[in-house]
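Accompanying notes for the structure given below.
Note that the chains take the letters A, B, C and D in the order they are written out, and that residue 1 is the start of every chain.
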Amino acid sequence: MTIVTSDLPASTPLATGDALELVGVTRAFGALRAIEDVSFTVAAGERRAVIGANGAGKTTLFNVITGDFPASAGRVHFFGEDITEVPAYDRIRMGLRRTYQSSLLFRDLTVWDNLFLAVRGVARGRFDFRRPRASHPSRVATDELLERVRLQPVAQRPVSSLSHGQQRQLEIGMALAGAPRLILFDEPAAGLSPGERRELVALLGALPDHMGFILIEHDLDIALRVVEQVTVMHNGRVLKHGTPHQIENDGEVAAIYMGGGRHA
Amino acid sequence: MSAAHWRKAMNFTDAGRSWSGGRAIAPPRQTTRTAAGSATTSRGWLQSWRQIGARHVAVLLAVLVYPWIVPPFFTYQIGGQALVLGLIALSLTFLAGYGGMLSLAQMTVAGIAGYIVAILGASGTPEISLGWPWWLVVVLAIAGGTLAATLIGWLSVRTEGIYTIMITLAVGMAFFYLAQQNYAIFNGFQGFQKVVPPVVLGVDWRQPMPFYYLALFWALAGYLFVKYLIRAPFGIALQGVRDNARRMSALGFSPVAHRVAAYAVAGFIASIGGVLLVWYNGLITPGSVGTSWMINILIVAVLGGMRHPVGPFIGAVVFVLLQNFAIDLIDRERFNLVIGLVFLVIVLFSPDGLLGWWDKLREWASRRMAQSRTNPVRGNGWRSIGVAQVRPAGRR
Amino acid sequence: MSFARRWFWAWLFGLPVLALTIWGIADNQRLFLVTALNGLTLAALYFLVASGFTLVFGLLRNVNLAHGSLYLLGAYVGWVAGEYLGSWFLAVAAGFLFAALMGLLLQIGVFRFMHGQDLRQTMATIALSIIAADVALWVWGGEIYQFDPPRWIIGATALPIVGKFPTYRLVLLAMAIVIGLALWWFLARTRVGMMIRAGVDDRAMLSASGIDVQMVFAITFAIGAGLAGFAGVVGGTALSIAPGEDTRYLLASLVVVIVGGMGSVAGAALGAVLVGVAEQFGLAYAPTYGIVFSFVIMALVLAFRPQGILGRRA
Amino acid sequence: MNERRGMLIGLLSTAALGVVFAGGAQAQETVKIGLLATLEGPFAAGGQDGMRGAELAVKERGGMVAGKKIEIIKASSDAKPDVAVNATRKLVEQDKVQIMVGPLSGSEGIAVKDYSKSQPGITFINGSSGAQATTLVNPSPNFFRFNTEGAQWMVGLGDYVLNDKKYKKMALIAEDYAFPYSQVQGFMAGYCKAGGKVTHKAWVPLGGKDYSSVIAKLPTDVDALLVVLGGADAVNFLTQYEQNGGDKPMVGGSITVDQTVLNFKGKRRESLLGTPAAGPMADSIDTPAWKKFVADYKANFKDGFPSPSLFAFVYYINMKAALDGLEAVKGDLSGGQEKYREALKNLKLQTPVGEITLDENRQAIGPTFITEVAKGADGTFYNKVVKTNASVNQRLNLPKEEFDKMGLGSRDVPSCP
């Protein structure tokens, strides 16, 4: 993928404090505890992978962070601010972003409309009744996003007619709209071809330095290559934190995770 | 909005968060981009004119000339009534087709606006009616209707799908019974008679032709408004909420706020329709907001098809023609049977209403043409292209 | 909801109700008790209609807006049967069977083809109810029909304090309790009932478990519709049958299940009691707006508990 | 457009005929009369019978008046004024009827009367609507009502039940809208004046079916109940009152014990026996004219009621007036129907119950009857005449000032607790 321009000038003064801090977060569905007592901190600009077998609670963790499901217990802090009770859309407006595992796109709308929505969602004028002019910054921003995820040729096609890879690209593009501070990528590489995976790695690697992200990925080749920290989850709990190198060489992790099959 | 303005808007202005986003935006490099989203509006109205095809002109001419070639009865009772009912049903099409919220209370909203016209304006019940000037009354009626619609929306957006239908039906019935039982304000069962449009600019707007053009103006205005709005940020976001509210909230939108706003917009349209309806009938009674009319509006909208803002007007014409002439076609007074059967057939065989049939016809015609042109080739290629063309973006 | 907030709401609504109750008893003991009893018996009728409605919704996730038509058609057919066979009990059976058959036809002929398409189902049933109402008017005219139940049912029974009270209404109350218990037994103890409940909880699980889903749906629909027809005859006996009753009972069912919670038989019972009692007290103490009361209750429930009192969040 | 072509052909052929016959009277061979009644909803039974009554009046003349064929074009409403006006407008403007007969209910009547002002070339004759205001408030010069209305019908009933039945104190249960208001006014105007007391008024919402709590609230220290409910509601009330062990005698309004109610499909009508009521007709009027009317009705409508209902009767006399007026002018509707209207105004309408004339507002002045429900030899129920008011006007035979002071009936007017 080509060079991705920075969303922010590199010298933007950032908020003090860590990007994300989870304190004893628990989420229960009835009697079932999908995640239990999860605590960890992600520094501003940090890139972290969350790995673990299926059912380890990774996606639930994302849902709790973004507010799709409220936490049953525990607190979530975002750049020093307690967002546990903040509605999902407000967290997004604060600079949090996410992609979804199985793409949740607006299948009947066009690619352009999808990106446009992502741009408008974090800007003012969400209720604007006027169609924006071509020179309108929101349209320019949309067009740039389109270019960045290289979907110009299909801009006016409904999403339902896109290939899987294109849909994943669009999903990422939507997460990049506005000025994200922390992005949660939920298995962005799933179902991609080797070529597409390479592009994805390039794209992740080229994200501006201040833009941290958390990545759920089964493909450890990808996961461990683009991150600085790794959290291993098992049965809804945090098993281990460490650098990619440490995790790769950890016997326990290998036993419960890799032993269970990389793509289990 | 200037680029600088926009930059400011993109920033998170909350002073508490010492963080600043946004970016310097370069002017668009290539203006010849194919994006239709750009194409439709990139040169404003100039571009929009290009979309106008021969059929638009033909239809516009037809509706303009119509009252000159038919007797006054057709001008008023068929034309005028269809336009007014179509306008009220348009509000439902907007709400249901683009917002995914099927409200049966649109007639209630129209009725509330109508009642306000009767109560604040002049009527045959001077003990209640205040006789305020018509322009003030109309403004207040539309404001009141919109407010009522917002409240109904606030109450019902917590629910989805079928719950919405039932709750709006129940809210509508509550208003019906309130209007029927309250004499101090709503004059109970009798309602208000002799609520006539004013004489403005020397024109008696109650006469068939002036009324027709008045209704036509607002119907066109409503149609264009909806057509414009569905491509504006608000409209696109509304369709997003319709398709996946959770995803919208993960993009920074508040689905509840958007839905309530959609109710308000639909209520605004329905209120204009309600003012015209009370003028059309010259009266308003609880019967005008009862179950049968609430469901009739749904029938009108579904009959025409909810995929396009022209649907409700087509539905209204068919409905009004049936209502007036069904009794001439069949021996017994079985109007309801006919309307019920027509409605059932539409629902069973054409989910997109009459518009759906129109599309199928076009598809069939284009297929025939394609076949005759490239007869030997019988691949599947045309199908995918055809479907993509028949179901353009932003529609279900 | 926290404990304290729960108490707050309990007091907010409970205190005025309690105060009104005390005032009502002190003011006119007999009137208060009669009204309460009337409310319960009306609730019995509402429960009979609404339980079928809520059962069908709970499992099939479609609102059958022709439910009121099933009520009316069941009543008419029951009346005809009663006229020819000379037995009120046979009329009740005929009403039940006919409506159940119609329900079966609806499920097989209409709903099966539009599973999961809420909007289409709703509109198809609206269309069907319009057609049914006109056909009924065609066949039975606009006259008023009343049933001819056995003598012992329709007299008055002397009760303490209340004095004379219609026997039939007490029978109706008993019938509703019996049917309610029977429904509970059917759902809790029989195989089909368990399948239905499983389907209410998780439809995917139902189809995954190799059960003939269509058959379960058809049985449920038949029972739900049959209950409407049953209520038609039973309710027609308490009041009368005439055009327009279909909409009336459809609306009553709607309000009852919205208040009680969609898909819950217990919710239907609770909703029916609330709505029936409110309606009767409204009629007795504030006749002008009595009829608006049930809608006010509904709005209140919606504002604080959108899924209904005993409903589960979707 | 079909209609347009029709008009064109009509125009051309009229012109052609005009040349040939030099008078063009042939175009007037038929007279089109529009007939509007309620055929949907709760009033459907009444509407159907109203249609029968109107048809009977046409059949009596063999479908011809003064050598012209009478063509009836029917329309239906659902008792809602907006629908009634739409149906009327269609009959007048599309079907080109020259005379309009209808509608059925009170609010519809007021709305159609308002509409009639915009069609000065057409003559409107009432169907069975009985709102006082139709002719009392802003009357329309081309709207005629040959039937007496709700308040007139009840005149004299108050005196009768007070003096003959000795009901000194009564409670009232009635539906909460205009028609019962006027019925109650007609009753109470006389009853209160004669010294009777109405201690309790229960206005029940229209369409509420379950009256048991209203019944529970009725005072027990009254002599009788005045029940002004119509159709299904009356049957529901009677059944429930009986089941609640109610034992007070009843006094009925005009549609409480109408044929539609006396013939409901059930066997619990016994409690109605002896119920006094009043109305513009009665089943057992002992005149040859009435007996002929009933016989004709029975002969013509096998599917009708055992005896014509109030709706049949009222539609009959209004249609008859339309035809008699037409006869009087020899079918001449020219000159904006001026002559025809003049004839209607001066018509001394011979009806099965006696002579009806019009007042200055074109409202009927005519006989009314006080009746009691009785059971015939064949088991059918009917209203037996016990007293006849030779002539009642719209001011209830009161002096103008006294009536105007009282005003139109409402929830609280009149009052004598």
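Just a few scattered comments:
Everything below uses one rule, namely that contacts are C-beta pairs under 8 Å (C-beta built on N, C-alpha and C of every residue); 3 or more make two chains touch, one makes a residue touch a chain.
Since we're looking at a predicted model, the values are computed, not measured.
Chain centroids computed from C-alpha atoms place B closest to the centre of all protein C-alpha atoms shown. Counting contacting C-beta pairs between every two chains, the top pair is A-B.
Computed from the mean C-alpha positions, the centre of subunit A lies at a distance of 49 Å from the centre of subunit C.
Centre-to-centre spacing of subunit B and subunit D amounts to 41 Å, using the average Cα coordinate of each chain.
The distance from the centre of subunit A to the centre of subunit D, with each centre set as the mean of the Cα atoms, comes to 75 Å. Our note on geometry: subunit C versus subunit D, Cα centroid distance of 38 Å, whole angstroms.
Multi-chain contact residues of subunit A (touching two or more other chains) are absent.
Across the assembly, subunit D contributes 40, 176, 205 as residues in contact with two or more other chains.
Subunit C has residues 288, 291 in contact with two or more other chains.
Residues of subunit D that touch subunit B in their complex: 1, 3-4, 7, 39-40, 74-76, 78-83, 85-86, 89-90, 93-94, 106-107, 110-111, 114-115, 137-138, 176-178, 205-206, 410-411.
By the touch criterion given at the top, residues 30-31, 34-35, 38-39, 41-42, 79, 137, 141-148, 154-156, 163-169, 239-240, 242-245, 248, 279-281, 283-284, 287-288, 290-291 of subunit C touch subunit D in their complex.
Across the complex, subunit C meets subunit B through its residues 57, 61-63, 110, 117-120, 122-124, 126-128, 130-131, 133-135, 138, 247, 251, 254-255, 257-258, 262, 288-289, 291-292, 295-296, 298-299, 302-303, 306, 314. Subunit A makes touch with subunit B in their complex at residues 6-9, 12-16, 66-68, 79, 81, 87-89, 92-95, 98, 100, 104-110, 112-113, 116-118, 120-141, 143, 146, 152, 155-158, 161, 174, 177-179, 181. For subunit B in complex with subunit D, the residues that touch the partner chain are 69-74, 76-77, 81, 124, 177, 180-181, 183, 188-191, 193-194, 281-285, 287-288, 290, 292, 323-324, 327, 333, 335-336.
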